[in-house]
Amino acid sequence: MNISTLIGVAGCFGMVGLGIITGGSGLMTFYDLPSILIVVLGSYFGLFTFGSIPNTIGIFNTISLTFKTANFNETALIRQLMNMSEKARREGLLALEEMLDDLDDEFIKKGLRLVVDGTDAEIVRNLMETELGQMQERHVAKIKVVNMWGTLAPGLGMLGTVIGLIGMLKNLEDKSALGPNMAVALITTLYGSMVANLLMIPWSGKLQTMDATEAKVKEMAIEGVLSIQAGDNPRILGMKLLTYLNPLDRKTVEAEVLKD
Amino acid sequence: MNISTLIGVAGCFGMVGLGIITGGSGLMTFYDLPSILIVVLGSYFGLFTFGSIPNTIGIFNTISLTFKTANFNETALIRQLMNMSEKARREGLLALEEMLDDLDDEFIKKGLRLVVDGTDAEIVRNLMETELGQMQERHVAKIKVVNMWGTLAPGLGMLGTVIGLIGMLKNLEDKSALGPNMAVALITTLYGSMVANLLMIPWSGKLQTMDATEAKVKEMAIEGVLSIQAGDNPRILGMKLLTYLNPLDRKTVEAEVLKD
Amino acid sequence: MNISTLIGVAGCFGMVGLGIITGGSGLMTFYDLPSILIVVLGSYFGLFTFGSIPNTIGIFNTISLTFKTANFNETALIRQLMNMSEKARREGLLALEEMLDDLDDEFIKKGLRLVVDGTDAEIVRNLMETELGQMQERHVAKIKVVNMWGTLAPGLGMLGTVIGLIGMLKNLEDKSALGPNMAVALITTLYGSMVANLLMIPWSGKLQTMDATEAKVKEMAIEGVLSIQAGDNPRILGMKLLTYLNPLDRKTVEAEVLKD
Amino acid sequence: MNISTLIGVAGCFGMVGLGIITGGSGLMTFYDLPSILIVVLGSYFGLFTFGSIPNTIGIFNTISLTFKTANFNETALIRQLMNMSEKARREGLLALEEMLDDLDDEFIKKGLRLVVDGTDAEIVRNLMETELGQMQERHVAKIKVVNMWGTLAPGLGMLGTVIGLIGMLKNLEDKSALGPNMAVALITTLYGSMVANLLMIPWSGKLQTMDATEAKVKEMAIEGVLSIQAGDNPRILGMKLLTYLNPLDRKTVEAEVLKD
Amino acid sequence: MNISTLIGVAGCFGMVGLGIITGGSGLMTFYDLPSILIVVLGSYFGLFTFGSIPNTIGIFNTISLTFKTANFNETALIRQLMNMSEKARREGLLALEEMLDDLDDEFIKKGLRLVVDGTDAEIVRNLMETELGQMQERHVAKIKVVNMWGTLAPGLGMLGTVIGLIGMLKNLEDKSALGPNMAVALITTLYGSMVANLLMIPWSGKLQTMDATEAKVKEMAIEGVLSIQAGDNPRILGMKLLTYLNPLDRKTVEAEVLKD
């Protein structure tokens, strides 16, 4: 559970709700079904025009990722790669074969199998980097759909307000209805702004950070696999991988991993 | 038929229409011929100032592409390239000549003919990459026209509203006409926003994705042709090309292609 | 004559004019001299602050280029370069000297003279690419002035409207003048939007495309000159240069150039 | 103490306050608790949706950095590196070991220890550059949270104003309350604009400059460590490092460092 | 004296002034002290929050550069470098030593002294390019402060208008003061827009062009110094440097420099 996103979304809507109530209006003043149709559903359909069906229907899966904690366990990865590096140095690359089954990570597994099979280092790097690149492109395609929702929602919010204003202005006879009609017209702008500012813009940012973190861990894995293949000193490998950690985590692992 | 685009455009306009009707106005309230002249035709003419005649007249062809499914059939491509790779290894590069006529794809055909003719690998890569680059530049030129429509339409929408307001303000005598006149003035803003948000922005995004997918497939082809020329192991070629697929498609093909 | 730009500018203003007339106002309603002073002249003077005197005074020359058809005649260029390539292969590089005087293009002429003089290939490439790069920088400097007009004009339009509103609000006694005064205030916004949306934004886009096309032709020339110097196969040179053409033009030339 | 930031923040708010008072309103006119809830707290919660908990809670630490003077003391660094370079040339790289304990900077210390241990130059550069790159990525992650506050605050300001307007328009009976209600509605826009323009935008810019300066000093350190390992002339090292200083500082150090 | 900037600033303000007067208001209508405090001084203090004290106080020096003509005299530079190239070829690199004292340009002088001292070409290029890069970073830091003023001024202008509107709306009793109060509120928007559109945006653009020109001249110098060191043909050096000039200047110098 990613508590941060939960706090963020709950806090944001809570503050807006509190602001509304302390401002003296009821929350139901701000509920309007046609506005939801135009802004929320209208912009959601716009995503079909933009993206593929799987990415558009799957947007809720994409968004749900921001509520999950992605734990890549970089320190365990470092220990594992250093162990294998030592084993490979002592007993040869073939000795890694039996360790492959214990690996959970498909990416490292595939890379190491290539190494055990005696594939050329250049090809191993090429294959692993292409796979990382393709994974990032798939992520970007999904994040773009979230971004697009953040772009289209305020657009449709403004469009809905203009529609409301036109309807109101064409029929000005009942002066007393002027205010409420204009209020309704403004609700679409409110919805559009909420979808973008409270949800899509921060979600899209978090998804980008998550993708960057995953890419960093995969880069560590590539670095590790190639270093094992080259028969580098495990200590040097450890130092290389530790530079990817932030200073706090690094200190904890450093003592244990490098000083024995 | 690209159902996604169809759902998107129909759903978007449907939601806006439903929002209008549930909001109590008739759809005809939002029809205004002079506004169409200024916003839709005006911004279309602006595209002639920006782009070439073929790309501007051809914009409807460009847009119609978003309603078609581009099926590049990457898995068939992978099988084909692996078959040729094996044949070339067993029987030599010249043996590929007879297979060339069966190829539909002009791009791979041209590349392989160069290979069969014994052209230098550097030149083959250079020619294929230049051709890919020029194809992408032609696509970008066309997509830019779609983008420009999405930029000019809201510009002319705002311009039309200012024109309407000026006309109305110069002649304020008939107070009862004030509202309806202002409503008409706002219709251009509505049209500009619809052209941009419901159509051009998502279409342009989809066209960019389609171009990126086509470029990816062509990159796979270049990779394959050069790998065949270099006499690489067909298994390694298969692994290389499989990394371009998404994990789902990959699993299906992997079993069949690599394990035999 | 670049008919596209002509159609675009005429059509854009025509549509806006038609929209005004069908909307019931006269065209003269939208003429206001002080607004022209502030928006058009004011933003033009701003260009002097931004750019150099030659580029600012020369902006009308820059703009007039969008009304001219730039015919680079790529197919003639390909034929010419292939002829020279063949001649150089048969009779040696010095044999090209007599052909130099027939060349109109100063850029290729200069490159080939360097080749005939026996200059090192690396230096020839370096000189031709620096010249191409400097040409593009000069173009960009000019295009930036057009861009800046498109940025400053709406800025001054908004500024003029604020000025008009302030003047009007300070003096509210004559209620009947309120509407017309506000109308006049809005005319600067109209002018600013027209200068940007109908003129500068599309012109700047077209100028960028023209620069890119010219750069592409110059790149073809560099490719050709270096290929001639290296004594490459004229057929390979032809194939290289043909990849720069679009598929339609390519087909026409291909038959003639490669099959003889 | 970074006096510049202090002057900036105090001066900015002072000027706005002075403008308010000379304009005849009291400062308390602009205090409204619900508006603070929506804009300041609402956008702060939005940061949790976007960023990680440590970076969001730590944003006040990040911001407090702009009030501290970061003194990297480049001239002392240059003298130190030149001393070590001379010592290493005269007495060998191992002679540097005893100097390591006197170094405060962990980054150079780690680099030099690798050099003393006889690590390959390519690996030393690789490790130091990865560490610098990771440090910058951590900084960027923190700066992005500050940026995001500057994006969300005006968004919520606008949202709050729309909420206020809707509440007011729904209930137009008491005409005398119209003005004050609208005033309250506008206060959120004011808060949003202040958070962004007076605080987050300039702070984020200053943090970026601070990160760039730190990166520059670390680049000087990498340059120095590698130069010491390569046994370069200390004079050349001095000249290399001096080019990183601005002309004023350079002149002062140059006389002392290069001329003895 | 850079007449272009002078014409630009004078013309811009002149046109706006003329527009005001022909529009029937007096210029003093647009003078308001509290607005100047908020917009001009307020945004100036914001620069302290963003930048360093020297760059913020020195912004008037930075801006004053746009009124000065930077004459780099490229043609004299080309002649000088060609002379030295010939001398170095005939009499050896050491013969350049006596010419160094006549050089005004510190940058070339430093480069040539390194060459005379027999420094390695790679180090000479490295030192000169780092110095050029650092110069550009210092320029960019100063230009960013000008840019930031252009960003903050309209921000504070809008903020001031919101402050004015709130003050006015809270106190609606005196209906006759409504118009003038709103007029005053709008003056901050006017000031913000003027600071940005008439001054900072074009100035910042001109400063960027000036920096690019200076960098180009320094690149010519690096090219020249390295070419002299390598003992290249002075004619080739001349041709290389001439490609940096625009066609007009080139023709004038070409005749004189290359044909003798």
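All chains are identified by letter, namely A, B, C, D and E, in their written order; residue positions are counted from 1 within each chain.
Everything below uses one rule, namely that a residue touches a chain if its C-beta (ideal position, glycine included) is under 8 Å from a C-beta of that chain, and two chains touch if they have at least 3 such contacts.
Please read all numbers here as calculations on a predicted model, not as lab measurements.
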What's the overlap between the neighbours of chain D and those of chain E?
none
Taking all residue numbers used at the chain C/chain E interface, answer same if over half belong to both copies and different if under half do.
different
Hey, how far is the Cα centre of chain B from the one of chain E, in Å?
41
Centroid of chain A to centroid of chain B, CA atoms only: how many Å?
25
Provide the list of chain C residues touching at least two other chains, using ranges where the numbers run on.
none
May I ask you to sort the chain touch graph into line, ring, star, complete or other?
ring
Please trace the ring of touching chains beginning with chain C, moving first to chain E, and write out the chain order.
C, E, D, A, B
Applying the document's contact rule, which stretches of chain A touch chain D when the two form their complex?
3-5, 7-12, 14-16, 18-20, 22-25, 29-30, 66, 176, 178-180, 182-183, 186-187, 189-190, 193-194, 196-199, 201-203, 205-206, 209, 212, 216, 236, 239-240, 243-246
Sort out for me which residues of chain A touch chain B in the complex.
33-35, 37-38, 41-42, 44-53, 56, 114, 119, 123, 126-127, 130-131, 134, 137-138, 141, 144, 148, 151-152, 155-156, 158-160, 162-172, 184
